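Pasting the structures in now, so scroll down.
Look at the two complexes coming up: chain A is in both, with chain B in one and chain C in the other.
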Partner chain A sequence: MSSRLVKEYKLIFKTLSQDPTYSHILSLSPSSDENLRQWESVISGPPETAYYGHNFILLFEVPSNYPLEPPKVQFQANAVPHCNVDYDSGRICLNILEDAHWTPAWDLLHCVHAIWLLLANPEPDSPLDVDLACLIRAKDFSAHNTLVAYYLNGGSRGSK
Partner chain B sequence: MSTYEEEHGTTGSNASDRRDLRSQLHSLYQENGTSNALLQMLSQLIPESMQEELLEDTKDGCPDNYIDSLPRIKKKDLKEQESCSICCCNYKDDEYPLVVELPHCSHRFDLECVAVWLSKSTTCPLCRDDVLSHKPKIDVSQVEMEDEWGMYG
Partner chain C sequence: MSCGDCPICLEPLDYGRSRLTECGHEYHWDCIRKWHHHSQDLKCPTCRAESHFLKNVDQNLVVDLKKNSAANRVISEISEQVRHLALGTEASQRSWTLSTLECGICGALDSEINRYCTLCYSAYHEQCLRTLQFEVGDFSSRVYCCNCHGTFRDSEPERVGSASHRTGRLRRPIRSSPIAASAVLGGGEFEVDESWKLLSQLQQESRLLEHKRQIQSHVRKALHTHFQQSLAQSQSVSKGQFTDINKTVSRHLYRISGNVYQPETVNYDLEAQKLIICELAKIGKTDTHNFIHL
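Our next item is the complex of A and B:
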């Protein structure tokens, strides 16, 4: 099914250069010309969030039986403070990326877009960062946003 | 006195096999009405084509005969730019497209693509409609066991 990846590659290039709906996706392409199984994407932080003004790198690993199985995708490690992201590894908790919720009708562009939406819409009920999730549950958004901004600007997460 | 086998011209060995099976079933039913062994033996009485349907209920995806039974779409009914959302290929790029439509949600896919998906899932890739939920299931638990085993007579 790697012909599907080639098709996606061409389609993504066209979509990103023409469709303003995806202007927050700054790039999405294979990491190198030799290997279509590893992709990289850069997205900009959604407006009106603590992430605005920062760019984020996503790393894709596409399994050989894609699109029957979802791509493995994570943020760059130690870069994204978010209640559904494991800061140290960059791992993302998002149901459509799990085998049980994936469908082969989705593509890499859908995944990037869904992750961008997750940045703006944290889901505190399945957290990977408990501290940030607690602040959202307590509806203390100013504390949450301040903490996110602090980490994004190089603030220390303390020793573990 | 002529036996059933003589009257109906069936072979004797087959009939005695059946009689063994019948007596085994009887004793099993008295021991344990819900045992798996009983169900397995019962399923031997059912034609092979139906056996598959009953036994394959346990795996994750759809039974093969369900996938084989999906309605094909004629080439002339395909639109010019219509493409399979699994492989992203235009149907008409293929000289002989083999396209099927899922019942109820009417979403179309290449048979080759959707067959692999449906062998491990029961949902439509586009709308998550559970394709098997619309199919009447054969409910084995409600079948009554008749004393006389009239199905042989």
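Our next item is the complex of A and C:
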């Protein structure tokens, strides 16, 4: 299946350099030339959110029977305060990345785009960060955004 | 992604093109079967619509997916066995004495079972066996046991009495089932898929390739005749154009003959020449007089 990855690499390179709808994806490529199963991506924070102005690093691990199985994706640890992201590990809760919802018609670009959309549209009903989810559920968006901005600008989360 | 690519492997859909009948999305035969086998449902990867039928456009055959999803699992077991035989573990295969009175393919336990292998004591529905053989590309009229590959002697169908049900039923030792054995040997799900793919692909495609090769020989012959003449008149086409014409003409010929070489109904030499002229006209080399005397 690694021939699919090579094809995908070429396709993604072409799309990113030509299609302006993906301008928020600053990069998406294998981490090194030797290993096509480890990918890395940098996305910019969606506009009109507390994440705007910050860049976020995504780490991919592509399983050997990809695309039958979804890629394993996570944010860099201790970098992303978001109600569907586990801050300490960077783990992401997103249904299309689960075995039951994944389909092989999607590729890595779809995943990155979906995660970018998740940044702008937090889903408080399946939270990994309960504090942020509670603020969203209470519709206290200014508190939510302030808290996110506080963490993004180096604020301490205290001990867990 | 262009519409001519398989969404699963991203390769062009120029062989094994198959269409899900419900939504019309197209994939390679192997890719979509492999995905359905993996996902354990019959949904379309693109739109999630469930299709019960898959049409192989190349070979113009329709397969009932729902009926055969059980057969699929058996195919992976068989291919696993083939792998084991190749590894020289025949001895361990002998100890696998499946002897239940349920159909070895669909698993149903009913009185419809009408094939009974006397060599390894396996029972089957004849319908299941035939479907299975069709799936792996065996179109012969003979059926054989998919466990020991022995042929069935033509005997009176075994009636399954309810008494023998309870008492006369041996169970297969779990330890030596092929799947468990593969786990011990370090084989994974992925390898099962791979060998399954190999088995069906080899049988289906070798037949197809033979036909295509025969058709292609006619195209080559026509192309060479043509280009020897055009060379003399210093009208040459580039190597890329030559390959393109070869490809387009061959594909067209595969299509019109339904991927089966049938020299008695199709005049391949003549068809190839006509198509080559068409193709040359498209790229602006219309020296058709070359072919007038052919």
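In this text, the second predicted complex is superposed on the first by the 160 of 160 C-alpha atoms of A that agree within 3 Å, B and C clash if a C-alpha of one lies under 4 Å from a C-alpha of the other, contacts with A are read in each partner's own complex, and residues count from 1 in each chain.
Please note the rule applied: a residue touches a chain if its C-beta (ideal position, glycine included) is under 8 Å from a C-beta of that chain, and two chains touch if they have at least 3 such contacts.
Note that the structure is predicted; figures quoted are calculated from it, not measured.
In the three-chain model built by superposing on chain A, chain B clashes with chain C.
Once chain A of one complex is fitted onto chain A of the other, the partner contacts of A:S64 are limited to chain C, with no touch recorded for chain B. In the superposed pair of complexes, A:L117 makes contact with neither chain B nor chain C. Looking at the shared chain after the overlay, A:V130 reaches neither chain B nor chain C. In the superposed pair of complexes, A:A138 makes contact with neither chain B nor chain C. Chain A residues in contact with chain B (one complex) as well as with chain C (other complex) are 1, 3-4, 7-8, 11, 67-68, 103-105.
Contacts from chain A toward chain C in the complex involve residues 1, 3-4, 7-8, 11, 64-65, 67-69, 103-105. Residues 1, 3-4, 7-8, 11, 67-68, 103-105, 107 of chain A are the ones touching chain B in the complex. Of all residues in chain C, those touching chain A in their complex are 1, 7-11, 31, 34-35, 38-39, 43, 45-46, 48, 189-190, 193. Those residues of chain B whose C-beta lies close enough to touch chain A in the complex are 85-89, 113, 116-117, 120, 123, 125-126, 128.
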